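Order as written gives the chain letters A, B, C and D; numbering starts at 1 within each chain.
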């Protein structure tokens, strides 16, 4: 699915601010005034801190009316309001991977057949292993090996490439190196990861071996935004499957992969459709 | 469901030993010789340590043939073999509770209508709160308050009662006090607990508040045997349900309770039917 | 939990009408004018027929302002608008049962401990079997046997009792007689049923035996409103559990019961909290 | 993963016969005698008809000992016994598809990376649509269009190709034409299908539109063997996901695809590992 210059899908407006009386009334009034036709509207008030979240999907014939929308709308909202408007083009995505093909292959297939509305800028890996697969899909593949490089030097190279590509989202499709807080900060709230287990259980390495030894009866997968603390960012999607004592660690890995790929692709789709808002360490998801 | 002196259900034989060639052949041959009719048979070999587990359910007309069975059978098995044979009576159970009624009530109802094949010796609590409920079911209720007592003195009282009742299983149906390693050791592998979350995540107190703040998309319940380390014993049953940002901590508690009571009762039934074998920190469950 | 004359929980307004521009703006403006403080607001537009649904939960100091609310609000909405406002009291509920205790017992326990916000008017059964259980909970039990009666005469007796009690909701907690279309019509959209399987599969009798013979790998439970066509009313809640070839029909029944009771109680809570709107043969559920 | 002439994995013996005393003892004795080392053993007795099923996985140094195994073993089993022994090579598979890529692509990816132990003979389709995808994986693609052909003539062409290829399994990876009973009979118990819904609900066409209109709260996918009655063959794997009123028919399709592909691949793996036995209209699955 290639980038479309005459992109015409609906726009999505996301608003987050201190809750107060009359917010919905004011916002919907403003949108009516500029001729926006609301196609879908969802709100949520976080009960502990009284914060208001809203996702509005609208169509608008006269695109010029949109200019200055954020500025004008801000004037009638609480001063802490954060607003964002979806861009009039497909979101741009870079995939990171290492050696495992299941998540990467799943995303490539969905993208090839239009199931993920994104412009796929390319795949970056620290190994050559998956190069053939990516090239078979006619997607640019860049191997940036970490061999002989310090962590900082390796990340500098990654960062240079990203600065050139300017992705909206970076998806870690089983990228098996830990990113430094410094790198994460540069791409804050833009990196999506899949964790090979059911967070917050089994943080860290070899989760399926941990799970086997712990004798769990359920395994899971968790897609989350990457923050400076390993595996502790806001969760977007989780899923699980039941297992029993008869599942070897290898079998747990097999079944875990099925969870990982479906969970990661679901989470990515939610991001691409502007359905995710982050608050504290949580996500508000308007589906 | 009361204790039955003329108890006639099938017997269950559980065997655990080092794996070696011909075990099944030898065991089934032995059982054939004494006239036992095998109704169900399940084996499992743990792949990492090569340990053999077997559950055999059989019927036997001539009960005298059973005498000495364990001793005779041991002679043809590896020297490390552990054997156990179900008793010719209903298993005896004591329930522990505190103030929350959902797990306790669920077990009482199932027991009243014959869904749990056990002799219910009584309910023990550190509070009076649930006394009325228990007495409505015509079950003995004993309140052993911990007020003004050291942990050791309180547990001494509990222990005295248990020594008198001689239960096969002790079920912590939301008993909200931590048991000392000393107490646990006395009733090793006989105490079943329900943890109000999806272990090993959210160990400890206020799991639903922890879960809300972490923004999880799934909550769970875990039934496990109690060992000296808090919430780390072998897991019998786990289940989960999907939640989203709109679930307040109170709503998570409500939905969590549904998981807890079903999971605990399933685990208890597995114990009562001699379907659980413990190995290291895991369970082998023959269902 | 008894009826409360000074009932002060929030009110819930449900609106359903043809979708048109500006509806949310108009409705929230109207509520602001009478001083209602919106605590939660959810909307949905059915995409195939463009029908607008809204659930608004609000608090209001001055209860007199509420008088005429429905009439006044109707004036600014499309002419097909249907509005309903929750009553300033607990909803009144009658339970129907036959011989199986699991759903009935589950609801009684939850009600006893305040988990279901309702006034429980009583339990009606066509058998005496569950009378003791109900009376232990100090709830009125009425046995209306169908023996020697035509279906119409039996339903006349049921109907007389209901006319006297005037329940808001009738819950069929494993009531094993089929109600005539005539009876259903009298209590349209007010009867909740639990189906012992995963609708629309296995409509009708002995669903677990059907499921066993069909060799399903999943069983389920479905809570739905009762309409004139057996088991075909709008679905509120469904859940499933995985099974395998080793589950006998009896085991399927056991595990099915766990689903049934949790699913029915969840559905009942949704009704009691005014979270359910019915459209065609579907439900819109604002949770 | 290519065919391996020096294939050395364990052999799997499947036995089905009338249950009688001492079966396990006799079979394991026989295997011990020829020097087979049992790696895994599972049995099941169907409770209603008393039929015995057994799956034995063993290793054997001296392959000559295997000759005549089936014949010899039959002599000590009930006369109705059916035995089968896995072949000393990878199972051969042909995939059928039409236009939808999700199941086909998933299988191709798994096969490419060794997750499905099979020799992939090729992909057959009634359309050209998926040819490019298949060829990118270096797998033979044959388009056999049905245009202008009677159903019988079309199936004759399919059958000729299959006779040439001699697959052990035929997998319908979203093959959207109904096969005639005549064709199915020729390849009895060898055709695996994925049904786009939760059987036995929504048999037939447009299941997601049916599901939307019915307002289900759960959707599912079912992998089953194909028999002469449409969508009614023995079920191998089922899975579901929770949905709500906000899911459009298109969204249901998207989420349904995720179920379909994972369920179909799981079922295929079970077949390739000789874990499935068919009895009446059910499967016994030894996992």
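As a working rule, a contact is a pair of C-beta atoms (placed from the backbone, for glycine too) under 8 Å apart; a residue touches a chain by one contact, two chains touch by 3 or more.
Worth saying up front: this structure is predicted, and the values here are computed from it rather than measured.
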item: Interface residue overlap between copies chain C and chain D, same or different (over half shared); value: same
item: Most widely separated chain from chain B, with each centre as the mean of CA atoms; value: A
item: Inter-chain centre distance, chain B versus chain D - centres from mean C-alpha coordinates, in Å; value: 38
item: Computed distance of Cα centres, chain D from chain C, in Å; value: 42
item: Shared-contact residues (touching 2 or more other chains) in chain C; value: 242, 246
item: Interfacial residue positions of chain D with respect to chain C in the complex; value: 44, 47, 198-202, 213-218, 220, 234-240, 242, 244-246, 248, 280-285
item: Chain B-facing residues of chain C, complex; value: 101-102, 105-106, 109-110, 112-113, 115, 133, 136-137, 246, 254, 257-258, 262, 265-266, 269, 287
item: Footprint of chain D on chain B - complex, ascending; value: 21-22, 24-25, 28-29, 32, 37-43, 45, 242
